[in-house]
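Structure provided below as structure tokens; questions to follow.
Chain naming follows the written order as A, B and C, and within any one chain the residues start at number 1.
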Amino acid sequence: MHASLVVSGLRKVYEGAGRRVEAVRDLTFTVDAGELVCLVGPSGCGKTTLLKCMAGLLAPTSGEVLLGGRRVSGPPPGMAFVFQEYGRSLFPWMRVGENVELPLRQKKLGRVRRRELVVDALESVGLADAAGAYPWQLSGGMQQRVAIARALAYEPEVLLMDEPFAAVDAQTRADLEDLVRRLWRRRGITVLFVTHDIDEAVYLGERVLVLSASPTVVREQLKVDLPEERDQLRTRVAPRFAELRTRVYEQIQAAKRGEPVVEDAPPPR
Amino acid sequence: MKDDPAGRRRPGTWGGRLLRALFVVALPALLFGLWWLASDGSTDVYWPPLRTILETFPDVWTRARLRADLLPSLLRLLAGYTSAAVVGIGLGTVIGSYRKVRAVCEPVLEFLRAVPPPVLVPVIMLFAGIGDTMKIVVIASGCVWPVLLNTIEGVRAVDSVMSETARSYGITGPARIRSVVLPSAGPQIFAGLRQALSIGIILMVISEMFAASNGLGFTIVQFQRGFAIPDMWTGILVLGLLGFLLSVLFQLVERRVLGWYHGLRDSSRRSP
Amino acid sequence: MKPTSPRGGGSSGRAVNAALGAAGLAAFLALGEAVPRLGLVKEQFFPPTSRIARALGGEITDSAFWADLGDTLTGWALGLVIAVGAGVVAGVVVSVVPYLREATASTIEFLRPIPSVALIPLAVLLYGTELRSVLLLVVYASFWQVLVQVMYGVRDVDPVAEETARSYGLGTWARIRHVLWPTALPYVMTGVRLAAAVALILTVTAELVIGAPGLGARIAVAQTSQAVPELYALIVVTGLLGLLINVGARSVERYALAWHQSVRGEVTV
């Protein structure tokens, strides 16, 4: 049930009142089925725009997004989106369980099946007991777990995550990163994870895409050849981790300065 | 009260509870006593002794009278208020959802809202005569504006991230209205419903004062015209009680429906 | 690049909105003309817009109309001033004197929802068609709006600011002046705005039902003499009056709020 995600020649221009802003210029990349790819770029580089185009929430000006070979022209049923603003993406008038269940009702699943999926999803994010609570009774990190559980219960082929941990504290963040790795390995979902945190990108991803400043293009694609099994203590002090993060850091700095992209720069071995 | 600043005192202790009960009863009791004493032995026809008013009360507000006057008033209020709520929320959801429609309607709605509702009574009497229909239409046409405008505002202000979340999970159409738009606009809609309730009571009374053969407004004016002053005073008391009870009822419903909202607000107030 | 989609922002957006609003108003007036002309409703019940406009023209050349308008405005303004004055003083006293708020809470909760029209028979008996009849109703209805807002406002006073003021030895009066009043001002303004609208409703109602001189009484006369176009014209006048009051009160409120924010340097509301 996994699918690849192909972005080709994507361009997005906002037409304002007498004002044109080219947010994304020309983006082409592929996320293979079952792959976990991180997207980093300097702040304000059109990451959110790109994600929204991919999720079918915004129509691109030109180019296209293919999910499992099908062109995305509206929110596709096989895709789930986790937003940065957990407080605004969970519905405060619904209990945690209802929040997770709502998209499933829309999928016209039976009651028993919905129940099963909700319980399973909440369990896998470690919130089995919280189903009856309201989101605002939970801490920020727990709320984001609920949002992740909602996405998992939806059984997506592709999971898009837009800086999901930018607003939680450092320790919670580390826990949530491990959670994402774990869920990805267990469920084999295709994940595209957008972040502005270089360490997070390298720690999480199988591959890191570095974007340029707006108008956005892909500056570099980097294979993260760290072992499958990662943990916060050892992985982050591994020499290879340091090399990779330095490489990404340099690229981001160059992007901020607006230096041209060096084509086909071989990833350092 | 829920959010009283009585955290200073310990509410659990007997002393605290007693003190709180004292606070609730003391002033009303004092005012009642003052009224009783000041009016006792009063010979002013317009200000009969409270004793007389209270003695008159059971004679005037018999079961038969309640059925003949209170019930019709309440039914009209219910009919008018409910139809205003349905129309206001329905129409408000549509207008609030489309920016262009909103821009087109706004000035007209602002004007219609600004018309003091009681002046509609003479106009509606032209169309609907002086029967129950007239009174229900009067109540509905006065109550609809606060509901409508607040719904429009609430629907317009649905959080963009929530909207996008709903859209990304394919929650569209009626499900979106039911699960996302209306709950999100709920607090605003209830603010409108609350305003509408007090307008509705005013219009209920006014429309009965104009032309009616029963109802609270009619009866009270009859007492006044017949110089049955203590009876009139009991009528004022009944109207006052009615207003109070309806507002309590409204608060109970609101607390139930918007429980999540009060919880959310309290929790964000505790930790800003 | 935040995806601030160019939704009606800027001056051109506002111009478009104004044009749409004008179109809506024009359509409303045209409908008012067409519906009776086409015989959809009886013309003697619902005169076409042009007839109402003519009647309105007749009214504004009639000096008696202006006298009535003056009476209505007098009742409204006097009632509002008394209610605001009493509401502010009572609100501050109740909030500042220890335990008074707790002691009055139940009484206020009981008296506030009592419909002021319940006092109509009493007003008629006591004052007949005098201005005092109108004032009784207007003040009773508007007073609570102000009182409750003032109490909200005082409750919003920052305890730290209050403590600071106390620690510098500011007396009660100085604390009210420098700490309490600036905080409560926006709430007071909201109360005044609500009270202004309520006061107009009750002024017109009292005139209409009791027969105190003013626009309301003029409407009653138009009704009994079957002068339907005049009836509509007068209703339009009360609507315009209400609109003027709403817009005026809102801009005063906004002005006060802007001042408030610039002073406190933070965004509330």
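Side notes on the structure shown:
As a convention for this text, contacts are C-beta pairs under 8 Å (C-beta built on N, C-alpha and C of every residue); 3 or more make two chains touch, one makes a residue touch a chain.
Note that the coordinates shown come from a computational prediction; the quantities given were computed from them, not determined experimentally.
The interface with the greater count of contacting C-beta pairs, when A-B is set against B-C, is B-C.
When every chain is reduced to the mean of its CA atoms, the largest separation from chain B belongs to A. Computed from the mean C-alpha positions, the centre of chain A lies at a distance of 50 Å from the centre of chain C.
If you average the CA atoms of chain A and of chain B, the two centres end up 48 Å from each other.
Each chain gets a centre from the mean of its Cα atoms; for chain B and chain C, those two points are 18 Å apart. Chain A has residues 52 in contact with two or more other chains. Remark: chain C residues 7-8, 16-17, 20-25, 27-28, 41, 45-46, 99, 101-107, 109-110, 112-122, 124-126, 155, 197, 200-201, 204-205, 208-209, 216, 219-220, 222-223, 228, 231-232, 234-235, 238-243, 245-246 touch chain B in the complex. Every residue of chain B that touches chain C in the complex is listed here, in rising order: 1, 4-6, 20, 23-28, 31, 46, 99-100, 103-108, 110-123, 125-127, 198-199, 201-202, 205-206, 209-210, 217, 220-221, 223-224, 229, 232, 235-236, 239-240, 243-244, 246-247.
Interface of chain B with chain A (complex): residues 159, 161-162, 164-165, 167-171, 175, 179-180, 183-184, 186, 260-261, 263-264, 267-268. If you check the complex, the residues on chain A that touch chain B are 52, 55-57, 75, 77, 79-81, 83, 85, 88-89, 91-94, 102-103, 105-107, 134, 136-137, 150, 154.
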